[in-house]
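Chain naming follows the written order as A, B, C and D, and within any one chain the residues start at number 1.
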Amino acid sequence: MAPAKKGILERLDAGEVVIGDGGFVFALEKRGYVKAGPWTPEAAVEHPEAVRQLHREFLRSGSNVMQTFTFYASDDKLENRGNKLSFTGAQINEAACDLAREVANEGDALVAGGVCQTPSYLSCKSETEVKAILKKQLDVFVRKDVDFLIAEYFEHVEEAVWAVEVLKETGKPVAACLCIGPDGDMHGVSPGECAVRLVKAGAQIVGVNCHFDPMTCVKAVKMMKEGVEKAGLKAHYMVQPLAYHTPDCSCQGFIDLPEFPFGLEPRILSRWDMHAYAREAYNTGIRFIGGCCGFEPYHIRAVAEELAPERGFLPEASEKHGNWGAGLEMHTKPWVRARARRDYWENLKPASGRPLCPSMSSPDGWGVTKGHSDLMQQSEATSKDQLKQLFDRSKSQ
Amino acid sequence: MAPAKKGILERLDAGEVVIGDGGFVFALEKRGYVKAGPWTPEAAVEHPEAVRQLHREFLRSGSNVMQTFTFYASDDKLENRGNKLSFTGAQINEAACDLAREVANEGDALVAGGVCQTPSYLSCKSETEVKAILKKQLDVFVRKDVDFLIAEYFEHVEEAVWAVEVLKETGKPVAACLCIGPDGDMHGVSPGECAVRLVKAGAQIVGVNCHFDPMTCVKAVKMMKEGVEKAGLKAHYMVQPLAYHTPDCSCQGFIDLPEFPFGLEPRILSRWDMHAYAREAYNTGIRFIGGCCGFEPYHIRAVAEELAPERGFLPEASEKHGNWGAGLEMHTKPWVRARARRDYWENLKPASGRPLCPSMSSPDGWGVTKGHSDLMQQSEATSKDQLKQLFDRSKSQ
Amino acid sequence: MAPAKKGILERLDAGEVVIGDGGFVFALEKRGYVKAGPWTPEAAVEHPEAVRQLHREFLRSGSNVMQTFTFYASDDKLENRGNKLSFTGAQINEAACDLAREVANEGDALVAGGVCQTPSYLSCKSETEVKAILKKQLDVFVRKDVDFLIAEYFEHVEEAVWAVEVLKETGKPVAACLCIGPDGDMHGVSPGECAVRLVKAGAQIVGVNCHFDPMTCVKAVKMMKEGVEKAGLKAHYMVQPLAYHTPDCSCQGFIDLPEFPFGLEPRILSRWDMHAYAREAYNTGIRFIGGCCGFEPYHIRAVAEELAPERGFLPEASEKHGNWGAGLEMHTKPWVRARARRDYWENLKPASGRPLCPSMSSPDGWGVTKGHSDLMQQSEATSKDQLKQLFDRSKSQ
Amino acid sequence: MAPAKKGILERLDAGEVVIGDGGFVFALEKRGYVKAGPWTPEAAVEHPEAVRQLHREFLRSGSNVMQTFTFYASDDKLENRGNKLSFTGAQINEAACDLAREVANEGDALVAGGVCQTPSYLSCKSETEVKAILKKQLDVFVRKDVDFLIAEYFEHVEEAVWAVEVLKETGKPVAACLCIGPDGDMHGVSPGECAVRLVKAGAQIVGVNCHFDPMTCVKAVKMMKEGVEKAGLKAHYMVQPLAYHTPDCSCQGFIDLPEFPFGLEPRILSRWDMHAYAREAYNTGIRFIGGCCGFEPYHIRAVAEELAPERGFLPEASEKHGNWGAGLEMHTKPWVRARARRDYWENLKPASGRPLCPSMSSPDGWGVTKGHSDLMQQSEATSKDQLKQLFDRSKSQ
């Protein structure tokens, strides 16, 4: 029998770097297994080989955490998003746990069960109702004995605190991430204050995920850290940003961008952008460093390669990747071989090849999402009338 | 027993649209299974599950052709690119054939064995030597009974003609693609003239692959078609372009771009660009329409969705994709639901989020590649001295 | 004898719009009469016809204020900037007053005598010394009986307050402008606080000029207005921004841009940008609206045309300009005639025709300028050694 | 009495560089004296001081040629463009000649009388009618004894040949410029063939002006030179391009750009672009080097500074301009002083400060202009109905 792995808190307490995984929803959408719009994870049951393969690629790339592919897998969400399948939320959550565990066992990775914000909260359901929804998903994680829990992708710190309170009841380590930037949550609560509330609610690890590009997210976590320290509290920090450049985003992040979600290609970060991100996150004192939407396995590998000196080893997938482009020494063309050096890639300003496109966008200006009449969640697809109304509004801006 | 599938020529003769697959080398590099620089396909033996999964994703996305993952799998190339593995070229080629066949059997796809240009030709070896190299790879394809053959990624029509001559000996249908644009091959032979030579050498299908973006490649194939028709010959046409915008490229295509191969992200085509490409290729009279480097499964799906009216059906993966963004009708945010319409995505000019980057690059100005002293291929990695020489030259431009 | 013109305060008290003039230094540099670097106004003596002509063009374009062309015409500056001419500061200032008065008399314009920040202040001279320098320039303005005074282009509110104190002694109306943005002066004093100090020192009109683009400057003046009102004080407001887009600038404004001063062309505002600026300034409650570096006569005309409804008349130069492009109705080409409409120009996103250039720059990060050892002013040109030192520093950033 | 100046042909025969002037129509539009749309030169009578001043600025900047400000001053044009003035074409042409001569006498410059294409030709009038129109304008030039003649801004070589034939009758030296790029005239006659026809018609100097950016124009003149030499003929060459970047233009040049004429600011060439242009033109063998629309005095000065080694002297206006930014050695800010060096400005890639704008435009696709029903010229302003028709057409493209 293999020796027990070190738990997430043991690792962080020891100062180790823990590398998260990347974005399942976006990666599997491009591979043909997730539908953009509903974004639900029924592929865990329908196409387990595809989910397993993606787990494996992240493991090979250096991930120490296999997050169960259970994003939006709460029953209220599955219903709301027009799920016509014969699978219950429980079935999906169970399958996702098994897949994560199977691959985690192939390497040095832990399994994290993840919950995220609920349509119930956005539709102004009560604390009790929201907690009941979260609890239901959690029951599977307990039964499947995941190694720790992550509450992530919360726009409102209030709901995130409720989630932490529910998760804490399991006795497992709890991480909590908001999908916010330096401007704070949807009601303007600052990152520092958000972090304090999450830590007080019992989260041992706090941070942000999704919605903004890496440097913006690191900045927000830095503000969290300063808030926690100022309050005399202690915590570990994590960051799992987008792999898209978002200099033009405000509070709702990339959701507001006109390119979301089907025209984001020109914003994808290169592996060299990831090196800079990993270094900045590390220097900021963040030790749980991963990714969210847009992160492909090679992005995670770049994070692991940047932090190889600190971790003491390269990820397995680096057998297929020369350091800072060194593999190009074997390229056929001599002028490409001349690019096998760090300063070349560090200083490159990559062109988009799109001379008719601007470099930045004017995002929609949405902010508060809870309680807004347009945001009351519904099971039906948006009707023609509703669409027309939204369209007219966007034109009049 | 399943009824025999229609062969490639039967399909094309009947006017059917045949959808190719996407780019294995680049996709598997990002997934951690191929090394950029050597670009060799040993993953077929080392990590068959990763190769199988990618085949499956393309099949689900609508591909009718599973190309064996044998790019650069000639023995001279494997040696030249520093391959220290215990696998022979034959082993890799065999494994690749088995994987392609296994997945092809899961749907309506054919298996195509592929060969490409050889280091031997670039190093000025004789016709006999080059043909011997190609023949060796071919033996496996015959033994494994692939459905047809593709000679692709040739910069020089002379070598491509040699390849067609070798492939023709098998009796199988032969397709031939150059990696050229409208300016013709590396010696300036026009696309029309190149196509005529290939058809005369026996290729039943001719076209271009790699090196340029879709619209540029379609333009080059159009010139091929005009050349063939003007010469009173007949052929079918294929196109398998990059999924990167290359308006700034000249004869060597994207290899010359400073972003190649590790900074190409901002150039990646969106699915909507792919719709335009598929329509343009179809209107030009091309019926074998696929992709090369940069094409991910969702790109192929977009091609299949655009041509669904002509083909009469949607690809399997469209179960996870609403037509022209229709899936967004189920998105949580109302302003994103308002994007669930064709004109929104067709007219979007996506920003790169990179205001410090230009929109176009100044590519290196490399042209002729055969025989140039810098291009004599070698087994060793580029030496420090060689690198310095190349670097000095690039600075002095 | 002509009836006496209404004074500046009478106009502003009556709620009239007063239109300033544009940027003499930059415009005359392009016409060949001012040297970039020293930026001194000896042309008033050397080439009066050129200065007179520019005054006239601004008058025709709608300006109600002829600022004497006396920028940097203090003796300490003239000496410091390597002025080898036989003209004294007094001679230059006198000639400039005569030219401004001559043209002002041709229309409904007032003459404003202008002083700006001194090298003496940057080199840490005492209040007494700085005030003496300013006083010397002022003597000419009093002798020539200008209509009012403007203290402008001050980076430090402290020096601006000193200037206002000196100017107040003349009994003439005093306007005071800092060259700051929303971040405040070089020591971080907020625009609101700066304005309060200037008003308390006796300035009847306060605002900002130079260094930032129009919208940024309007934002800074808005903050000034809020500060003044919050302090229970009263003032009039003015704004004379750059005619260059500066979204990428921080505290030192366009001086920090790598394009300053010889590569700013792609940033020049169009006349339509000026319409938006004039409207925004007006809506903010600013009534003295003009321009600084980069403003050509047609920019001022655009301001006057936008505010024609409020002013009740068009400027004289509008005899040569159709409203919102209406003149194009007489263009030879029909497709250009189709551009003779407001919505066309309002919605145009003009391209730069520079696909190898970025859309934004990384400005140098200079901030505090007073007292910094590099900023001690000297009469000699920068030496080779000094240049090398500066260059090395900029590279190491 | 001053010694007679050397004539234009004497200078060119001697291998001297002759520097032309810049663009009066665009410069005076910005100064408030010309109306965009009609573009007619009545300012020569109405505001002689403004025209005289611009001549003087070009003279100071190094121009050896004062072109009479008579663009579009043919009677048919003046009528067609809604000219309601009491001036005849003859009066305007006479005043323009006097102004050019007055300033030419102040330095080493010649006076060139200019004619350009006529509305009569575009409206398919006969050769006799077109020539009569041109002859009328010419009578003034003869009476005023200009030094030589320039037929410029012709889109069709046929009309340009007619113009040369008329001009030749005066016995004065004749220069002829088409407003074409490398694609040739509006009927596709190549630059080489155009030049041959013009030389055969009697033009001693041939070249191109307007419509394209400097490098494109130089390329077209190079093709002219090659055509003339191949035909065994002899000629001198001239080039007077736009001061706007036009990489995205096709046959109608900048007229087709959506930015024409009121949104061209971001395309304006810097003085450093002008250095590159002057050098390229000189190296191509062109010796009459000037500018057209967009050229301001400082652009001409840059041409004169680049060619100072060849000419042996700097222009007068260089007293106000340090070589390659040397004047900045006297700038207040040290980091700006560090920009006082050639390599800084030569390598700068200036940003536009417009992150929401593309770098290139999609020009309208207009080509042939003669005889097209939309191009029949009329005296009335475009009617509402005509505008609507044009607008609908542009939308349907």
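In the analysis below, a residue touches a chain if its C-beta (ideal position, glycine included) is under 8 Å from a C-beta of that chain, and two chains touch if they have at least 3 such contacts.
Chain-to-protein mapping (UniProt): A, B, C, D = Hcy-binding domain-containing protein.
Note that the structure is predicted; figures quoted are calculated from it, not measured.
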Winner on C-beta contact pairs when B-C is weighed against B-D: B-C
Far-end chain from subunit A, centres as C-alpha averages: D
Separation of subunit A from subunit B, taking each centre as the mean of its C-alpha atoms, in whole Å: 32
Subunit B-subunit D separation of Cα centroids, rounded to whole Å: 48
Separation of subunit B from subunit C, taking each centre as the mean of its C-alpha atoms, in whole Å: 58
Shared interface positions of subunit D, touching two or more other chains: 248, 349, 355-361
Residue ranges of subunit A in contact with subunit C within the complex: 349, 351, 355, 358-360
Residues on subunit C engaged by subunit B in the complex (per definition of touch): 248, 355-362
Partner subunit C, residues of subunit D touching it in the complex: 29-39, 49-50, 53, 56-57, 60-61, 81-82, 119, 122, 213, 244-248, 252, 255-272, 296-298, 301, 316-317, 319-322, 325-341, 345, 348-361, 364, 366, 369, 374-375, 377, 381-382, 386-387, 390-391, 393-394
